[in-house]
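Input: structures, listed below.
In the two complexes below, chain A is the common chain; its partner is chain B in one and chain C in the other.
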Partner chain A sequence: MSMRDTPLWTWHVIAGLIILVLLGLHMGIMHLSGVLHFDAMSPAGDSPVDWANVAYRAKMIFFTLSYIVLLGAGLFHGLYGLKNILFELGPPAGLRSAISALLLLLGVGLFALGTWAAFTARTVALAASSM
Partner chain B sequence: MANEGTTNVIFRVRRYDPDRDAAPYYQDFTVPVPPGMVVLEGLWYIKEHMDATLSWRVSCRMGVCGSCGMLINGSPTLACNTQIHDVARDGLLMVAPLPNFDIIRDLVPDLGPLFDRHSHLMPFIVREDHDEMQEPSDQYWQSADDLLEYLQFTYCIKCGCCMAACPTFATDPTYSGPQPLAQAYRYMIDSRDGAFEERKAILAGEAGPWRCHYAGECSAVCPKGVDPARAIQLMKRELVLDYLRLGKLRRRKPAGVLPPEKKRGRREGIPEHPPFTVEGAG
Partner chain C sequence: MPEVKRYPNRLGIKGWFGGGRWGVERYLYTLHRLTGLGLLTYFLMHIVVTSRRALGAESWTAAMATVGAPIFKVGEYLVFVAFAFHAFNGLRLVLVELGVLTGRPEEPVYPYESSLDVQRPFMVVMMIAAAVVMLLGGYEFFFMAH
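And now, the complex of A and B:
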């Protein structure tokens, strides 16, 4: 008998709360900076996605970690939700196991890729600032 | 005999005899309906005057036994406490068996899956003091507040209306459904019960409340106001708090026998019971 649903559902809710906070931060800095005046996170002015502003944030370990945590929370929340939707379609037991395994692999793979990208961006930004 | 205010209502009844019919079909019956007539009486009228083969399940006729749950104009409810004039639209009343269950015949659903799931979640008090349970020395002590924790959920009559309305139970064969889960919560939260860990072992898996996405239809259709959706959300809360080591149920000891200081005599003004009408009773 599987007893994993309580922890999975609990972390689903916790991941939702993490997304609420970090996505709020992302929206504030990247999309609502003109309204909320998060200018401190875009010191080069202009657009928050200009290279100078992106590099400024990428050098800060807080942002690197927040990208990774947001990525993990988003992947877990989304893929667990997708799994529940697919399971409501009534797949047989074998297919359920296959769906779970496939989504787990997809989640781990995307998390690894995203983590690598976050650290790479930080490395590039640090290298550019030392030149 | 036609009473004042009697109108004809067409009962469009879903028929199915697995020994004879390849598939369910609808059959119309015109029933003279006086004010106050309930759907169950309309079905009796059809059986007595038009088609004696029409089948449904019935017992108490007063909204207590839960036998006559059926789909009336698209809503799962009890035929015995649904007045025809309240639900008929333009003189038409659609009557079908409860969805989400196999059909035994006509309006008789197979409620076996409901009772199987119900019994699987241990809908009874579980304790270790078996001798006390078998030969009680007194009542187990429970405060009024303890009682209110679960009282609402004891009104379930197992009619199956909530199961018929649940969109998750309709598609997910592993989901226990609102009725068994509400009853599992009813016993989980009962201060006399000592089986939280055993029930938790079942509820932490696919049979638990996790597939519920709170459509709320179970509570909307419940003819007894049990509110299974609320029980399911409260159950989720208890299980999550327990997982986070914040729950109180894991540390709870089942309520013991009434302590002497709590014992009270009979309150003043409460009359004695009348004499027994059956010899040897009492």
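And now, the complex of A and C:
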């Protein structure tokens, strides 16, 4: 790791802590709501992934924004971690540049897709509830 | 900016699996990387699949029906297990990195004190916490109807 990477490593650690909190919340809602009796975010009952529950959460701005923060933190943490693992294997300089560019492109593309989906799902859910 | 001198990584990925004289933390390092790569693979697919909610109820329900087969449930639980390990081990790594679990540097006066005296019990606590979350998740995944 070069000195230039130090701020990126710090952001990697900060992103990890953000993920710990937000993904912990996500897992609590999606996979531990039964054992923890934490089903307030799935008021329609049944599965947390049933459309009624998904739409309920999509309408809440907290979930829209926290989803986008989690998306950005997860993509940065994961793709930067992958880059470090690949660079440890000692690829030549040209390949290192290609890997960096490819991972950056992948991260930006998926961030754009996820952000679009979060806002559009909110719009769809709000429109359906106002009918 | 001066370029860092790089040494050849002779062992490559093989080096992940041989702990040598290092302790159990060396194997946690390997597991941390493996679970990280698994979680990243799942996460990239998860972004694409869950983006279907933007297309409305029908599209979402169809997507969930596709990934609702029992084999996906087992796979999803493995992702949950990887998450629990990666999260608690990651918290340990952050605290070690920040120096919280390594203590202050001291003169090597007998009886010697090691940072392992603090770090290793915390590692055990974190692994127990991860195991508890894995068990709770397993109960919810396989024994509670959704």
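Note that the second predicted complex is superposed on the first by the 128 of 131 C-alpha atoms of A that agree within 3 Å, B and C clash if a C-alpha of one lies under 4 Å from a C-alpha of the other, contacts with A are read in each partner's own complex, and residues count from 1 in each chain.
Please note the rule applied: a residue touches a chain if its C-beta (ideal position, glycine included) is under 8 Å from a C-beta of that chain, and two chains touch if they have at least 3 such contacts.
Predicted model, so just to flag it, every value in this text is computed and none were measured.
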Partner chain in contact with A:108 - chain B first, chain C second, else both or neither: neither
Which superposed partner A:98 touches (first chain B, second chain C, both, neither): neither
Touched partner set for A:65, first chain B, second chain C, both or neither: neither
Partner chain(s) touched by A:117 [first = chain B, second = chain C, both, neither]: second
First (chain B), second (chain C), both or neither touched by A:21: neither
Per-residue contact with chain A, leading partner among chain C and chain B: C
Contacts of A:79 with chain B and chain C, given as first, second, both or neither: second
Which superposed partner A:89 touches (first chain B, second chain C, both, neither): both
Chain B versus chain C as contact partner of A:6, first or second or both or neither: first
Touched partner set for A:47, first chain B, second chain C, both or neither: second
Overlap of the chain B and chain C footprints on chain A, listed as residue numbers: 1-4, 13, 88-90
List of chain A residues in touch with chain C within their complex: 1-4, 13, 16-17, 19-20, 23-24, 27, 31-36, 46-49, 51, 54-55, 58, 71, 74-75, 78-79, 81-82, 85, 88-90, 106, 110, 113-114, 116-118, 120-121, 124, 128
In the complex, chain C residues that touch chain A: 1-4, 6, 8-9, 12-13, 33, 36-37, 39-40, 43-44, 47-48, 50-54, 56-57, 60-61, 64, 80, 83, 87, 90-91, 94, 97, 133, 136-137, 139-141, 144, 146
Residue ranges of chain A in contact with chain B within the complex: 1-10, 13, 84, 87-90
Chain B to chain A touching residues, read off their complex: 168, 171-174, 200-206, 208, 210-211, 213, 236, 239-240, 242-244
